[in-house]
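Notes follow the structure.
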Amino acid sequence: MEFLARIEQDIPPDMDPDRLAAVKAAEAVRGQELVDAGKLVRIWRIPGRRAVYGLYDVDGPDELHAILSSLPLYPWMDIEITALGTHALDPHSA
Amino acid sequence: MEFLARIEQDIPPDMDPDRLAAVKAAEAVRGQELVDAGKLVRIWRIPGRRAVYGLYDVDGPDELHAILSSLPLYPWMDIEITALGTHALDPHSA
Amino acid sequence: MEFLARIEQDIPPDMDPDRLAAVKAAEAVRGQELVDAGKLVRIWRIPGRRAVYGLYDVDGPDELHAILSSLPLYPWMDIEITALGTHALDPHSA
Amino acid sequence: MEFLARIEQDIPPDMDPDRLAAVKAAEAVRGQELVDAGKLVRIWRIPGRRAVYGLYDVDGPDELHAILSSLPLYPWMDIEITALGTHALDPHSA
Amino acid sequence: MEFLARIEQDIPPDMDPDRLAAVKAAEAVRGQELVDAGKLVRIWRIPGRRAVYGLYDVDGPDELHAILSSLPLYPWMDIEITALGTHALDPHSA
Amino acid sequence: MEFLARIEQDIPPDMDPDRLAAVKAAEAVRGQELVDAGKLVRIWRIPGRRAVYGLYDVDGPDELHAILSSLPLYPWMDIEITALGTHALDPHSA
Amino acid sequence: MEFLARIEQDIPPDMDPDRLAAVKAAEAVRGQELVDAGKLVRIWRIPGRRAVYGLYDVDGPDELHAILSSLPLYPWMDIEITALGTHALDPHSA
Amino acid sequence: MEFLARIEQDIPPDMDPDRLAAVKAAEAVRGQELVDAGKLVRIWRIPGRRAVYGLYDVDGPDELHAILSSLPLYPWMDIEITALGTHALDPHSA
Amino acid sequence: MEFLARIEQDIPPDMDPDRLAAVKAAEAVRGQELVDAGKLVRIWRIPGRRAVYGLYDVDGPDELHAILSSLPLYPWMDIEITALGTHALDPHSA
Amino acid sequence: MEFLARIEQDIPPDMDPDRLAAVKAAEAVRGQELVDAGKLVRIWRIPGRRAVYGLYDVDGPDELHAILSSLPLYPWMDIEITALGTHALDPHSA
């Protein structure tokens, strides 16, 4: 089951640079784990913003929430999700 | 270059059924052409709405507009697009 | 899997009364079928509006969309859904 | 009388972890009391957010406010409530 | 139990004048009935708009909905209600 | 002349408790003065929020502003006012 | 007492030209009467829109509503008003 | 003096095709006149919408309004303008 | 050329009182200068808010920005401006 | 490929003046580099706000994001971009 997540980050401009670098590094590691596990199937940057669109393939809302709240940057994220239904034309649903 | 389009349809409840069926059939044919041409790479239904998210892979804004305005249902559509940048984690950008 | 749907109806004040009565009767029949099937588990009226909140228990977004678009009043409805995750305190999830 | 409450929490990312753990523990205890008293009849998590939907069964707006403002996390909550009317189809109102 | 209702009317500028006059006359009669019954305790005009604020004193959401949907102008109304709690300072709650 | 004011308070969760208690006590005193003077004619709590609706009877916008800005909690308030016109049905305007 | 009104007109593009011309002519006459009476003290066009800002000097909300609802174009207008208080710096309030 | 105008067109899907073609042809002629006169200095399409951004160089708000309201499609347009100030970095202001 | 500015101030409730008094005094001095220079032609308070409407008569957007950004309270202001066109009925444009 | 960016700056009023001056100086240098490189083709100030509109000519969303996130003031910026399509009337596209 796929969900589209729009994720905005609101990191204070004055966060300690070392801490920020550490959190971002942890975020990249966790993101790669989710890609490798087939949970994060697409991710795009929204230009000019500290924001991404992520496409997740999960069992349902509970797994989705577990995954999103496991992200190291989660405390600074504002996330809006959309449950996605399949469409007859979709090439990946054939 | 990928664009995410949120497409809402506002079809009058009292449109002539034969006309509506004809337009929807033409829409499906045009949609399949775009899939076959590799322009429409993903499409999802937004549950409970006459709305979809479409992911388009095009040369740029001009091709995107040409494609969207070629849709038979275009006169009844309200479309919001987001230009997407690549993200280091994205499995499809590797 | 539960979804919360806020459903607003926008029925023209001048719809033919016989037609409106017929559509509303069909809506009530279909609603009862969904209740009997355990798909529509709660429904509340939003006072002062032609609107309801419905709580649906379905397999996922596709069944939800199939159910909502089967409603006789669907062409006049504007529906916003929220995917719901389980909460440790919820008495019905125990 | 039932009310639907959408509760968003806005906890600072840098709140002292011990304090946060204590407040969350107190929140769980208070929530369980409300469940046991039959006041909080359903509660769902909104995936990807520090947010829940709660369904309360109370005497009226005053009891509702007393309950919500008794929550340990109340100072960090933004709450929107909707008064709910009964619907002829509702299985729980029969 | 008091509820505040903001009621906006959206009457088509080209409604037949006789019909409009008849509906408005019926609305005034129904409004007076609600005042006499102690259900509509205050009503104010919002200047420059076809809109009012109404303060209703009712048993709960169901009676409120029954009252509002009984208004002759209801099919043309958009209504937002707010459930009101009592306040220690309120002169009318003493 | 009556004005409806929706008053939201945004008090920091970590305000010093003694200071908060003192400000709230002063607020209650000032509120009672306004009630006794016939300026604050109704006040309701909005459940689940640090917010009230207040109905003021004043000479005009200048007196209204003087009153609202005299509130001890004014620096933490966000206030939206609506000028109210009289309505032929209003029981208090007769 | 001054009020600022933002007035948007929503005239159907296909209104009969003769009728539109007649209504606009009547609107201009009524507007001039309000200017001559000192009620409409300033009026500005909002460029690119069928919209104006009007500054009214009236006894209060009731006279304001009587004036605005007397405008020939009132059935096609959407009006938002702001009650204005005097400011110590204002050259016209001296 | 430059103004940025976001222009959305809301043309009914069922407008008579001959009339629509005639209006669009007139719109193109008028647009070219504005370009030739140096009034319309840039114009871009917003992909997926019947909308454009236009950059106008005019004497002020009055000329801007005269130009925009002279457009054959003006009755179907919704226009938001932004007055633009010069910026020290702007290559065209040097 | 006239511009309407809606100016909201967002001053922290805990700003040092001496500093606040000094900034407000400087603001009043600067405001009087603008009045004396004929640049600030009207100013009104928005009741219940730390907000004003100001009517400025300037050469264009650049002078307007220079004036607004010269205000001592500018760092705490959120300003929305509207360029105003002349209207045939305006008494001050005659 | 052109993109329109609306850039709002949210700089704390109490930022250290030396630091602010240094960041602004660096911003001007970087802006000039982008102008010289032909990437920033137009830039306008939005009067009364710490905001600009920028018109960028870049290869696509990735170069746009690289440029915007290279700005010294980027951590304090909120940026909304619009992908622009070419229009037949545009003088610069001929």
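By letter and in written order, the chains are A, B, C, D, E, F, G, H, I and J; residue numbering begins at 1 in each of them.
Basically, a contact is a pair of C-beta atoms (placed from the backbone, for glycine too) under 8 Å apart; a residue touches a chain by one contact, two chains touch by 3 or more.
This is a predicted model, so every value here is computed, not measured.
Under the contact definition, chain F and chain H share the contacting chains G, I.
Shared contact partners of chain C and chain E, listed by label: D. By number of C-beta pairs in contact, D-E leads over the other of D-E and E-G. Against reference pair B-J, the listed pairs E-G, C-E or A-C yield one interface repeat, A-C (criterion: more than half of contact pairs the same by residue number). Centre-to-centre, using mean CA coordinates, chain C is 43 Å away from chain H. Separating the CA-averaged centres of chain H and chain J is a span of 23 Å. Mean C-alpha positions place chain B and chain C at a centre distance of 27 Å. Each chain gets a centre from the mean of its Cα atoms; for chain G and chain J, those two points are 39 Å apart. Taken residue by residue, chain F touches two or more other chains at 3, 45, 47, 61-62, 64-65, 81, 83-86, whereas all remaining positions touch fewer. Every pair of chains that touch is listed here: A-B, A-C, A-D, A-J, B-C, B-H, B-J, C-D, C-E, D-E, D-F, E-F, E-G, F-G, F-I, G-H, G-I, H-I, H-J, I-J. The touching residues of chain E, when paired with chain F in their complex, are 2, 4, 28, 31-32, 35, 40-47, 52-53, 82-92. Within the complex formed with chain A, the residues of chain J that make contact are 3, 5, 61-62, 64-65, 68-69, 75-76, 78-81. Every residue of chain E that touches chain G in the complex is listed here, in rising order: 13, 45, 47-49.
Interface residues of chain H facing chain I in the complex, by the touch rule stated above, are 1, 3, 60-62, 64-65, 81, 83-86.
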